[in-house]
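Have a look at the structure below, then the notes.
Order as written gives the chain letters A, B, C and D; numbering starts at 1 within each chain.
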């Protein structure tokens, strides 16, 4: 048995007392989110039983992430964004991964985990990156409405760093994303009712105008752009744009995983069996030396 | 290049035509959940733009999982269960894992994935297992209210297979789970309003009574038991009890991961540095042979 | 601030002293595998610097998992099994998931994690299940060689519980698995050299004979069967059959993820874009009530 | 049923023929790593049965990742690095996560997946980042040995971008990492035998000298630095430094997960129960309005 106190900085320092070590262990994980006592759970100070049946799920998401209570209208706008993002079909990588996972024996938590993991920079991060772009344009003109020159300069800087795909605009599938129009209408209504500032929505329209002038054809906002406007207008930080998208897309991931469980299937790969894959490697060869060439 | 058709059963069968192979590839992934055409997304047949701003998030969850639309009251009961389960603090394994993950450099999707993965049979499966137990009791007395003898028999059968912990009852932390009382009141209200049948709630109370009589002290329903009653009363299959709990707990996982990002920390293990771990292995030894004992 | 000692069983018990709590925290994680002191790392008691450049990687795997040192011959047999299992192409779900993951922006650790996760009961557990079957046959005849009747009885019991696919035998792709022959030859050589007992190999051949007599055609051992024989002959517990397979298949997962990184690709789903998926859900419908049918 | 060909770019293009679509589907996943025909598996062209029992596991790793065969000496150096990195105890986040995972009911694949996922930029990426730094120094002086000025300039540039922790040097636990000395000796021996160029080793020593002169105390190479030297000397790209570390650390992750399975434990969080966590959030408050302050 080898029980001794190892101070993180090596054993030069005096060994801490038991009280000090209990204190350090207590402080090792700290949170402002939840307080738990026997028989009591406080979420940001509110007894959880007050919140159950009172807050909507999006309002609870907001309280957990932000620490304050959103109004009913703010909650409704967040809810619309969360409803919009739940799914985009079994050929989306995250959905396909969940389906394949259950055919390998995974329970729902495992199928969901493998799928959620791939909602990374490219597949799930577009909303976050669009928020960062909109925020950068806003920051470049803090005291006034960003004009076309400002928008073009920041967009070009983004392209120089990240490539020519502007997150939030255009879509591989949809010339017009059926989700954006409805969401943007709700943003306009919320602006008219004084619930959100319309600044980020106007910046996004400015990007649309810029891209259309350059391309010669419309490249309208897609789901990532529309939700980026909503999340920024509601005051969320860009990484939470990705986080909330994950909460939303998890619904589709769960639904498809569950459906696949009902359909059956065993160790399903991505392709039907009668479609081969492309082999581009060496022709068959042997480890055994070729007498003509060996030393 | 090695492009040829390999039939799953070996190359005895005639090679499929291109049309047959396209058909098989098309059928390889099938779903009733979502239909996507350029410019159109249908969720269980409904254009998604009709659902945005109309359905609550829990109603959308229901539609995605079940294929039909819940009433506002059904949605509210589901919502209460989802709100109740979002978090239980930084010492819960799933939450701790998310926090550790961000200190290792993971983005939010990765931290959430590692965490959600562990909501398995024991940590996230209690709700599902409680649903299976309640369902088993109900199935044992399909035409009448299950009496104490039926309940005891099915519970004993469960204990014989699974051990003495009855999922849904008791709690390591809370003598009375502050979340159950509120949820069970909402179930009673819903039953009084004719929205759900009270059968599963009564079965759960029967288990409570049995456990109390055997233990000599109350072992009341906890969050898993209360939500199990709700999910069964609303008609969800037991694995979806786990699935919906995952959607709920993902909120806490995200919130804690985000908070840890703000707090910083670098490669945080589970314990504070001044707490060692217990080593129980061999004393120091050497590969080098001991002259006294070597052959 | 809310710093107090909560005993796991509620606050009925006397609060522990600081020394008791440090002790409990120290004991919370215990291991016989590794001892770490500043400047010293002992693996099962051996200074790690003695093992580097001395043990083969499979011998290190053995020492870490089992606690003792395998001979060079035992290590070589384990190594052969590990080499054999590294890959089965980009249409295997685990490999496809890793490839899709990197096109979504995942780094190698994330792509590997999503992939390894699906090596579950069906996709990665075949070797473990085959080991359990072989072990069950061996246990049914502990003092003698299991005869055909014993083998048939245990196999039938397995089929009743698990369905008609016998893990370790047959293969969707290969009538004769090119990996098995070589592995089984190495087992026979090891048996001849007195390194392993041939019991499990003979039991596996007995299952082959049984399946062939019932099917009317050979259903030879595949990679899972051959490695199952090796792992049992070397004394590994069945779950470690899955664990070692994971270490092996991780090599293929990493190689394919890395290759996909070099190939590029952006948010690649499982199917090429010109192949649609099958939609089987409701025809387009609307939330809006139909005047002819609404109340 | 809704079966139609959707071209990725919308339906402006002529619909592809069935043959074209089969071709596109075949090309969707391509690889040079493995060729599979019924009864045949070729790894980079070599029949797999030639490799089993012939290649060491590290040689197989090399072949899979690189496409060519390493010499026995190159394989031995890679093997030493892989052996060195297998574990660093149950307080490392990856190891702790695997242990917690099995107490939540996860099988070994799930516990390993959650753990491997966190070997990200900070926890598993140090080796990769050190390789990038060494490579940058080498690239800054392509035709000559990089001198102290070059080393200092590149290191300062790294610090400006990434902060003051230089990956590969120093260690929170070990003043002298017991793994580095042995590995660096093997590198020197390999250099003397003409197996590797000593360039990257000399650059690393130059960084050591620089850090010591600035700190006034030695900051010697740790395991990440030593393995970075080895991987670069053997010609691996920096991301594969992370990938190979993952293959190595997976052994420790598996061993600890397996050990925890044997020890038992149920839903173990990071901390012992008698250690609370620090709550820093609001005091208890209520949703109900305070009559004195409500509107």
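As a convention for this text, a contact is a pair of C-beta atoms (placed from the backbone, for glycine too) under 8 Å apart; a residue touches a chain by one contact, two chains touch by 3 or more.
Everything numeric in this text was worked out from a predicted model, so none of it was measured.
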Counting C-beta pairs in contact for A-B and for B-D, the higher total belongs to A-B
Since subunit C and subunit D are copies that touch, is their contact same (over half of the numbers shared) or different (under half)? same
In angstrom, rounded to a whole number, how far apart do the mean CA points of subunit B and subunit C lie? 24
If you average the Cα atoms of subunit A and of subunit B to get two centres, how far apart are those centres in Å? 21
Which whole number of Å gives the spacing of the CA centres of subunit B and subunit D? 31
Hunt down the residues of subunit A that sit against at least two other chains at once, touch-wise. 2-3, 6, 8, 10, 21-22, 25-35, 38, 47, 51, 89-91, 96, 110, 113-114, 117-121, 124-125, 172-173, 175, 268, 270-271, 273, 275-280
Would you tell me which residues of subunit B are touching subunit C in their complex? 6, 8-10, 22, 25-35, 42, 44-47, 50-51, 54, 67, 69, 110, 113-114, 117, 172-173, 175, 270-271, 275-288
In their complex, what parts of subunit C are in touch with subunit A? 2-3, 6, 10-11, 17-19, 21-22, 25-26, 35, 37-38, 89-94, 96-97, 100-101, 103-106, 110, 113-115, 117-125, 172, 266-271, 273, 277
Which residues, counting only subunit B, touch subunit A once they are in their complex? 1-8, 16, 20-21, 24-25, 27-34, 36, 38-41, 43, 47-49, 51-53, 55-58, 60-61, 64-65, 76, 79-80, 82-84, 86-91, 96, 99, 107-110, 112-114, 116-121, 124-125, 173-179, 181-183, 186, 239-240, 242-243, 246-247, 250-252, 254-259, 261, 263, 268, 271-276, 278-280
